[in-house]
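Shared between the two complexes below is subunit A, which has subunit B as its partner in the first and subunit C in the second.
Up next is the complex of A and B:
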């Protein structure tokens, strides 16, 4: 039996009711029959989720600009932020509203990008499908709007849409006297239209399911491209969609494989890792410089790149088992990370894959600066935050917020409670605190041989560190063995699937999709836990293709 | 255009700095112990040291880069840190030390040769107070990267069979939030790095003692390369752990010939500086008298601390130190 996907969300609203939630988690974990790998079972019938209206994330926006208008443009410094929801930015973009300030930012961005394009004759020439005879060449401008508009909006523009934009362009061309200005003012509306900023997924009747609906070919092409490439569909995919070829299972599978084999798939894999593992938070990494001499303002970026390269390497270079992410004894390091890991660097600049030899328990993601520093306080480690990270992001457990008004401050070090473990154990004397801490801290103690920035330490407050603990009934001795325990956990496997699925469909996963998650989890396991294979399976799943009835939910343009 | 006195001052600073640095500088010669596997500066099982008992047990090669160097001075009580370079205790001086008396170290050890300690206040009064700052700046910007390589280190507390080599690195260092060299970083080796083993070397009670050995120390200052010849050099430092060494002393006899070369290189257009250097050191020699009884070296000692470092693989593999 699997943990329900959406029903546990109700726990978010429960404050102070940790015990019940954790009891449910513990039950699910200790159930030896939970999700046996490779065992066929009847999966609950898919109930397709209602249509969604995901907004382009910042990464989608930037990659679309680059893919359609070309590289080298100055991208907008600020756009509507992407708030995470269900721990993912892509999902947040489908539920968050755009603020009035956000609308202004999109308008500013459209104007800036259009002006830059118009100011570069070579770029302009490359984008124009024809040679305009003047600024009032309606035919050529119409061809431009149709060509570029289709890429930006991920669908052909209607005649009325094209005509309205051409009308604006002609007016600008006439008033300002150049083709460049006409093109500029054709781009401005294209780049701030809801059809550009939102991925409209209304769906259409599904002939294979009576009364059912599916995404249209163009909608599915957009979903696939933003999933696998983290960017817009190319002309080939749009052509296939427009021709109705994507309705054929084999043709669809071929397109999925084509996208997965393309270099742009690295963007998708990296974006998924960034969101799943919360690496975007590293941009704001801050540590007390008096406590952590190895900290620097660029450390967060280095730490993020290390993990992204590791995921990319496992998923695409090796097509390997994703559990290596937790157990690998290698790391991609630059010179600063190497100094923190106390390993020799390979070069003055750039990243290199090195074997970790100095501290044998430093293994995988959990031994990286990215995790160890992110899940810590600015001045100290935090077994609680580290345990919470493992629970939330690697096991997909629900971790409720502390009850309002609860004093969460740890006792100061004392003669009887000097180490972090001792102080937290003292903290757990408070019953209302213990109910949650006992599910988090025993995990986090595994990392106490690594300080708040990820440097190894033998002692805490002069006392040798005890890193042993238990996770859902399994015991571990240190970070390395905890990584192995998590890697073998069915919950980890299912968590990866759940996150990847939500990332792919860019909306919250519903209870009606629990069976789909279960099925994909088993597929993932039987396929050797290869991320590329899982991406393929998700893209070919019914849940990815089908859509429920009703109006789009979530964000509104 | 700079004023002549400003030029003189800058040059003086540079020469003084080099002399001081030189005193500090690197020693000769490393050599990996033939019995010791080259782990490239990587402790073979550092991660296994998870309790206090095991913490004292370490293995094979460690490399420390000097992150701070200061000049030793004569203390108010008349004592001075340093080494007994000539192996003789002559509080009032003798002919072999050109009449220069020995100091007593702060820990009570007699026979300390450190005539340069007497020069430091003189240099400071000459308006060159900034020279220690310059020295530190040269460390921080990679101009002076002196490294202590310890091979065959089995214990931070007691080890009677270690090999010590002073080496010279290069590269732009990473600095920590305290603006000092970050521990654990990787450097290139200078092509002219000294490569001689400082033997004998032992660790006793957590203190490393190495020498005597002769070493020529290359130092880059303001784009100029200087070589300081240090004779009967010694190194002493407290091994804190795999990351730090503290209370370090590096000293020996600096040859006048190398000082003169430095002065000629660093201040070739400034006869007054050359003269000043000559005056400063001429009457201060206390070691290695020549046939005429004139001392040809001046004793000196520098204090230092260090942090762990590594060499890039090509440097680790490419240079074969010779004992």
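Up next is the complex of A and C:
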């Protein structure tokens, strides 16, 4: 298992619980020397990461069901959760273990899905490659297992694997009496097999590198499809892999482009945006309705959809510069969001792309309800949380936890400190607080003209809001100009690459891959910061293709 | 022990369905709820319940004034008055783990006695949480190894080991379906013949074998992940084997009323108390019907920002931002302790022999910190209810004179429910001795 050395180092330092060390780490947030040079030099040589065993995320599971068994099935209400790791769910699923409860949930899911398929003759017929003459038709059942199993497991089943599943299906057919039952009980084992739930990446010798290894064609096909489509490979990709065609660089590039051009690429782009920007957290958005009259329990879902559509629009509809995500003066709004933005509603239902005219300061991601509400408290804004979001997710700075035992109280309003900025000034006077707050709060003050769910306010506690500040040496006047500053930051550029790369390989990134990230960052920059182009570059990178030495058989820790 | 020969269903895969009557197994309970064997001294099986709420309490209003027998319930413990003679309140102890990640470190410390593993923003327990440690022993003989649930949806802190936690159920209706509808046979009734059970078991058996094959091909860390998964597969297989058994009637067993499918927010506030009450009843009867012997109730999570009824803002926010003496935080703590009382009430309502279910088990109520404002791990909140069949003292407040290690209490609990442990916790949190003052 790869260990994320970068974050472990920080964690080790903090566990010393030493304020001085902690402050030094916080300082690193804005040390200009830590910024990448942005000049194409000799990149550190790639040391491929060891093979991983990613588990399907919840999204992978659902999309596999839809792609292989067809839409319209009731998906399981709960599955083993995907804990974020290195800020991404896809990485967490490679690290986390399946709990005993998780096993029950997977078993329930397999039985429920199989029963639903068996209950629909039309669906059954579409999935069967032949017409069984009865529940004991082993030949036809075998053909079904081979066909559907290959899609679900992303590889051809061995003869023995197929035979074992056919045995179960035959036993079910005999005991329960119908063809549908036989097919149902062929699906149950297919849907809870480790070959389905895990992506086994063992690799094979790489003829192009002395002593090196690469993912096999099938393994690479799976990695590519889950990255670009957020779902399983289709038959064409599996066919190409099985025929050995994916080992050819040109053929591989053609497949990468085919996947990127397919409608299913929207799923991949949306999933990346969801994980990178922490939009999954919006499901639990919690605001006091007495303070925020525009809050309703489904606001989080609207806010999430707005950002997903924006990223999708920039990356795929326009194939445009991702920096627009931070600078765009348009928004995708439904009626609920339009009301919060004080813009006219466009349609009774659904989303529409509108130009923001009422408050020109509202720009891009940082002006969305998603960001402004997520990084706030239930009854107030939080410059600290908003600054932390920018640091962590847009600049990939490491922000340590506050030391335990500190009084982290937000200072109460007083006659001399009414506004949020004035109240937080108290933190600057205490050295242990200031060491971190000075890297977070000044960013967060930029958003103080937007309340805890993102509505405009000209004043805070009756005082006009001062939104100016500095970020890593650059000055900004307000939300809009801060967005522009971040968009131009080399840290933002590298951060997108770092997250996308980790999302693509679906495991913690290792130190030996730093050169790949650097190189891809430069490619991203020279290509005009187009996300689709970056996805293509990642999929074609050596870090994506190659793998470290396999584990010795039977090794134990 | 092979159970296959005892299942009612035989020879399904051969095509013949034959029901076979069998003598009761040793691990079944008789009608009075006492075990044929392997129970406590009183014959009742040992059970354990964990009740966890987030964000701590206010030590000054929490700690009962006097110690030992003449103690009185403090302000914050008033809701537990009906159970005072079955409580042991322990104050003044301290967690022996570093407080690296406020809140989560405390949860790991009190529940596992081990420092939290911190890798970037990913945090993991380093070993099993108390409920799972106990379930490994008490969960072997029942339909469910353990049940995890909580009124506030969240991930809970029921850990099997590093990076492996059991997701709690957040819908009482779903938990009810799981325990009392799907595959449930009331003790004393004859189970309905279910020909799919044998199929399910054979599928799980095959899945287990496939996992072993993959195991040989992956690195050490992934082997551990597969081993954990494999253990879950085997456990489920074993549990399915039980579903066609015919345990004798249990006097205490009753199927509770079906809970509502939904608990919609009221005035923007989640109905945590109502949900918790439903969970409490389901869990009590899950124990009474011997479907499970270990549960954990994750009422709210560390750092939760729940808007409680009457509160001006979220719980976590108030713990840090409300001025002393924190009247709103106090009111929320009362809500949490009232929820603990509701759990105890449901357990005490089940008659078992001359006593109640609560007497035959022990419930630990605790949180992730003591004084939330400063994330303190001293003066840790610990409430024990039930004597585990006379193994633990009750109606007592023990105040540690010298900030003893909280792990001592945890070790006492483990031993009271029948675990043969030499120690609990690691490093500074390790102890080889229980807390004598609460052991009977």
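For this structure, a couple of remarks:
As a convention for this text, the second predicted complex is superposed on the first by the 513 of 557 C-alpha atoms of A that agree within 3 Å, B and C clash if a C-alpha of one lies under 4 Å from a C-alpha of the other, contacts with A are read in each partner's own complex, and residues count from 1 in each chain.
Simple rule for what comes next: a residue touches a chain if its C-beta (ideal position, glycine included) is under 8 Å from a C-beta of that chain, and two chains touch if they have at least 3 such contacts.
Keep in mind it's a predicted model, so treat the numbers as computed, not measured.
In the three-chain model built by superposing on subunit A, subunit B and subunit C fit together without any clash.
Looking at the superposition, the partner that touches the larger set of subunit A residues, subunit B or subunit C, turns out to be C.
Residue contacts after overlaying the shared chain place A:362 against subunit B, while subunit C stays out of touching range.
By the document's definition of touching, of the two partners only subunit C reaches A:185; subunit B does not.
Of the two partner chains placed by the overlay, neither subunit B nor subunit C lies in contact with A:318. When the shared chain is aligned, no partner comes close enough to touch A:526: not subunit B, not subunit C. In the superposed pair of complexes, A:290 makes contact with subunit B and with subunit C alike.
Touch criterion not met for A:208: it reaches neither subunit B nor subunit C. Subunit B and subunit C, viewed from the C-alpha centre of subunit A in the overlaid structures, lie at an angle of 90 degrees when rounded to the nearest 10. When the two structures are aligned on the shared chain, A:175 is found in touch with subunit C, with no touch to subunit B. Contact with subunit C, but none with subunit B, is seen for A:80 once the two complexes are overlaid on the shared chain. Think of it this way: put the two complexes on top of each other by chain A, and the tightest Cα contact between subunit B and subunit C is 8 Å.
In the three-chain superposition model, subunit A touches both subunit B and subunit C at residues 289-290, 295. The touching residues of subunit A, when paired with subunit C in their complex, are 1, 3-4, 6-8, 10-11, 14-15, 17, 50-53, 77-78, 80-81, 83-87, 92, 95-105, 107, 111, 164, 168, 171-172, 174-176, 185, 188-189, 192-195, 198, 200, 202, 284, 286, 288-290, 295, 297, 377-380, 392, 398, 401-402, 404-410, 412, 550-551, 553-557.
Only residues 39-52, 55, 171-172, 174, 176-178, 180, 182-186, 242-243, 308, 310-313, 316 of subunit B touch subunit A when the two sit together in their complex. Within the complex formed with subunit A, the subunit C residues making contact are 12-13, 15, 98-102, 105, 115, 118-122, 145, 148, 153, 155, 160-167, 169, 174, 195-196, 199-200, 202-204, 206-207, 210-211, 214, 216-226, 228-229, 231-233, 235-236, 265, 267-268, 305-307, 312-314, 317, 320-321, 323, 373-377.
Those residues of subunit A that touch subunit B in the complex are listed here as 289-290, 292-296, 335-336, 338-348, 357-362, 449, 456, 458-459, 464-465.
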